[in-house]
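Before any comments, here is the structure.
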Amino acid sequence: MSEKNPKISRRKALKAGATAAAVGAVGTAVPGKAIAGSEEDAIIAAAKKAYPKGQDLTGIMWSNYQRAVQPVRQEFAAATGIDIKKMQDISVFDIPARAMAEALSKSGEFDFFHMDSNMIPSLASAGLLEPLDAYMKKANFKLNAVGDFAKLMTYKGKTYGIPTDGNVMVQFMRKDLMEDPEERKAFADKHGKEMAWPETWEDELELYKHFYPRYHSGNLRDRGSSMAWWYMYLYSAGGFPFTDDGDPNIDNDAGEYAVETYLKYKEVSHAEAPGWGTPQMIPRIVGGNVFACQYWDGIIALAENPNKSKTTGKWAYGQIPGSRHSGKLLKRSVSTPVVSLLVNKHSPRKEAMAYLAMYTATGKNSDIVTGDRVNTFHDPWHVDAFKDGSLSQTAYTPNGVQGINDCLQVTCPALFVTGLLEFETELKRNLSEAYTGGKSAKAVNKDTTDAWARAARRIGKRRLREEIATYKSLMPTRDVPA
Amino acid sequence: MAMTKSQRQLNFSIFRYLVLTFWLFIVAFPIFWMVGTSFKPDIEWFAWPPVYITENGTLQNYLVVWADASEYSESVHTQSLQRPWEALGNSTLISLISTTLAVLFGSVLAYGVSRYQILSEGRMFQLLMLRMVPPIVLIAPISIWYRALDLLDSVPGLVMLYFITTLPYAVWMSKSFIDEVPREMEQAAEILGASKWQTIWEVVLPLVRSGLVATFLFILILTWSEYLMALLLSKTNVVTLPIELSKYQGSTEGRVYGRQAALSVGITLPLILVGIIIRKHLVRGFSFGMVRR
Amino acid sequence: MSTTDASGIPASASPGNKRQVTREQGIRRFKWTVLTPLILLMAFLLLPAFLLQGYFSFFAFSIFDAGDSSGFSSYFKASEWVGLDLWKDAFSDTKFFNAILRSLLFSAGTTVCCFVLGFGLALLMYRPFRGQGFYYVFFILPMLTVPIVIAYTGEMILYQNGPLNDILSRITGQRVMFQFLYAKEVALTTIMFLETWNWTPFSFIIMMAGLASLPKEPQEAAQILGASKLRIFWEVQVPLLRPVILLALILRFLEAMAEFPKTWGLLQGGPGSATETIPIYIFLNAWQYFDISYGAVLSYIVMFLMIFIIMGAIWLLRREKKNLDDMYQAPNQEG
């Protein structure tokens, strides 16, 4: 019950805000002048100026993401008449391929794609995306994101995306199990040391083994999204997937470490893990079958929601483990997908979509989206969401926010280059062959290198060289969180 | 002697019922499971041990899927994510149009082949290639070509492809029926001055009506279930039922077996009804003239 | 009986010839009225696709060079002549080679299983008995089930805590936790099982038709000569059924080569590459990597392979059909 009150007052506040905004927009329609009032007002004013009659929009968005954006979207519709009328609902992991198909057919049927921002290089190269800078200027809007999230929205100096979901991988540990005296004693008797927060992947595996098979690992190992873990293993071993020259750089020591670590978790994973994606794993995590995992931060809000979770209050959140493989302790989290609204260049309604996208990304509205306690797929990314008293802070618990903050300091992007889809699909295929069959880590890296080299040739080395410089600049500078 | 013979017959009869009943179980179980799951409440979808016959039967799955009694009614959610009625409309429209065209055109062509050999036997067999080359090998250039013609995500686009890939079956099946119609009737009609088209419409086709119905419904099965072309050539306007169902793959938190099953039942039911109605004709239709009476 | 035109009567040569000519003209006009739309449709729909496919197999198209323009010509601007490079790639592509082998195995395996089961059931059922209609209705149901529905229902039944493992557990008395879907060695077999379930009715129906149409005389003759049932089956019935058997096998094999919805809906080619058949592999290249040109080359190779197989099948079918026509002395057709 206590949870309902803020929701109602939030809605009331929103309504009041929108009315004020509509009135304000009429009153301040003086061109060239900075508009008094909030950033929301400025966006609404620009939208009404461009589309006095409103506009219906169509796009692709996963249903899990739709609900949390709903209140903000409806406010914008009430104020401007611009609204999304048709949405295609497919999994966020399938949207990249669908968007590429749109790039192939260059049709203007969809106005937006809500998807992984790591696809921006590929889709911008393929001529599908509209740069948003001009519209942002008109609405006097700036992306105010923590970490490098704003940079992830750009390609060759232009902004192509508006984030709604700022994903970072955070360590989840069942603290009730870690603190259980019997468990502690059993662990200490066997290993000659106390149970402690894991510093490295090897430490974590040792803990998992203690609890397996009563509890299994919550890390994904399917052919869909399990790449995120491979990134963490590779980066923390000091590896980087490409050389500066655009050649694959994984058939080496760090690459082998990454794959071997990926495979080692088979011992403590559920037998059906190769077929489980997020839809199957999340119920296991919040249902109490999982002892620990690295997972997208949004699930904190779900795990701490007593209506949806059996494990509320039982979790501790913090730094992800790292590796000493490179000679020093490196911790590397990963932010993939950073889900954002991308606008279709071929759409005749693109400007309207740009304003709607911006409207979801203001400090106040973004906090409403990422602070939703039931529909928890949008994770905080806006600076305001990390301020005390924000809705996001409440939903994610102080401990959760601490964990997010820590991991944000060492988070890395996925492959931020053109051709993400084929690079990742090839690697996934090989990883999956190794995980379900007898393929060795060496063979994984060799086969992946061959396939990547071929893809790199097709994409063009010159293009890749340029992109890799940008990609490298997005890597964190600290070894471990402060 | 007579004793042993009837004994043998009895043994055979028992053996037959045993084998057939075993196969009946294998055939019926998946369908039973699909229908059963569609009536189960969510806690029974993954229960261990599995629930075979639910004691808490509910229509909720059907209501959510087909009547949009949204489980999220508490939230401000206004749009239905699943649009099964629209998909049902699309599926019905596309499969009916393409099947009608294929059968009408196919039977006229089959008449021409049967009576005047307007296609040689070799060409008739080559016609089968339209069906037998897997559609995946041409779908990419077709989508580019369709884009140029603005036929992507349109009813005519899918109808043309369904027509051309089912035509070989339409021709072969209807030819096997037309071959059996005695010629005297047509010849009489011709003498009376009927044109070729009149002869076809008014004499021949009515005589093979039941065969054409079988052909029609067999091709309806193919177009109704088609997946690959519909997946790659449709977006939002002409989503068909199989594509609507495939959205359940990873599109929600947790597996939603009950909903999935409720939609599956809706997709399968029309075909099963159709199939049961034409079951007698299927035997004839499938033999492609390779069986003579 | 001879109500036809006066073709055989030389006396009225002049009008007869005239009518003969108009008749032939009529047939020709009819022929082209029927064939023209079909040829036009193929020229409109399939020919451009073939040409584009051919173009892309020698000119590498890169979606990343397509630029901003949305015209049809942008596809050609983004393509670059590479000659036979892609073809060479394809012929040294072991993943592709494995996909072909997997598809052949899948198709051959399911064809044989469907046929053996279908024929077996037809043999048990083609003579009337009590309950025949009841069994028949059920036995054709799998064919009426939409393939993507089979994929999803299959998942519900086959997953680790699903009813199949439960039934096996009850039969064996111990907890069976068999991995039907996510074990590399089993996944293809599982899909083959689903395909067999789906299409056994097809063979069943064809063989029912075949058995029902067998003439009684040869069997009776053989029985009088004292042949055993088994010998009658192998030496009288099976030879007579050969055309139908071939038809059932060939159509099934070719349709199985194109199987996509069940494999994709359930496993997307995984785990690893255990279920990567030809359609899946081409799908990945064309619709995940958007390597349209490589997809075109693979498609051409598959098309040649399929045409080669189909020609062989057609040769077989035509021979059988000719034998059949000779045997039954089908009425000579006009023409």
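Residue numbering begins at 1 within each chain, and the chains themselves are lettered A, B and C in the order written.
By our rule, a contact is a pair of C-beta atoms (placed from the backbone, for glycine too) under 8 Å apart; a residue touches a chain by one contact, two chains touch by 3 or more.
Predicted model, so just to flag it, every value in this text is computed and none were measured.
> If you tally contacting C-beta pairs, which pair wins, A-B or B-C?
B-C
> Farthest chain from subunit C, going by the mean of C-alpha atoms per chain?
Max centre-to-centre separation from subunit C belongs to A.
> Could you put a whole-Å number on the gap between the CA centroids of subunit A and subunit C?
Distance between chain centres, rounded to whole Å: 44 Å.
> Could you grab the centroid distance between subunit A and subunit B? Build each centroid from C-alpha atoms only and quote it in angstrom.
Using C-alpha averages as centres, the distance is 41 Å.
> From the mean C-alpha coordinate of subunit B to that of subunit C, what's the distance rounded to whole Å?
15
> Which residues does subunit C have that touch at least 2 chains other than itself?
287, 292, in rising order.
> If I count partner chains per residue in subunit B, which residues reach a count of at least 2?
Touching at least two other chains: 144, 147, 232, 249.
> Give the residues of subunit A that touch two or more other chains, as numbers and ranges in rising order.
101, 104, 106-107, in rising order.
> Under the stated contact criterion, what part of subunit A meets subunit C in this complex?
My answer: residues 97, 100-101, 103-104, 106-108, 122, 125-127, 223, 271-275, 345-346, 418-419, 421-422, 425, 429, 432-437, 439, 454-455, 458-460, 463.
> Report the residues of subunit A in contact with subunit B in the complex, numbered from low to high.
Going by the criterion above, the answer is residues 58, 62-64, 66-67, 70-71, 74, 86-91, 93-94, 101, 104-107, 109-110, 224, 277-280, 282-283, 374-375.
> For subunit C, which residues count as touching subunit B in their complex?
Answer in residue numbers: 3-4, 26-27, 30-31, 34-35, 37-38, 41-42, 45-46, 48-50, 52-53, 56, 72, 75, 117, 120-121, 124-125, 129, 131, 135-150, 152-154, 156-157, 161-163, 166, 197, 202, 205-206, 208-210, 212-213, 243-244, 247, 254-255, 257-258, 260-261, 265, 278-279, 282-283, 286-287, 292, 295-296, 299-300, 302-303, 306-307, 310, 314, 317-318, 320-321, 324, 328, 330, 333-335.
> Name, in rising order, each residue of subunit B that touches subunit C in their complex.
Of all residues in subunit B, those touching subunit C are 13, 16-17, 19-20, 23-24, 26-31, 33-34, 37, 46, 48-50, 52, 105, 108-109, 112, 114-119, 121-122, 125-126, 128-129, 132-142, 144-145, 147-148, 160-161, 163-164, 167, 179, 184, 187-188, 191, 196, 221, 224-225, 227-228, 232, 241-242, 245-246, 248-249, 257, 260-261, 264, 267-268, 271-272, 274-276, 279, 282-284, 286-293.
> So in the complex, the part of subunit C that touches subunit A is made up of which residues?
These residues of subunit C touch subunit A: 60, 62-70, 74, 89, 159-160, 177, 179, 181-184, 268-274, 284, 287-292.
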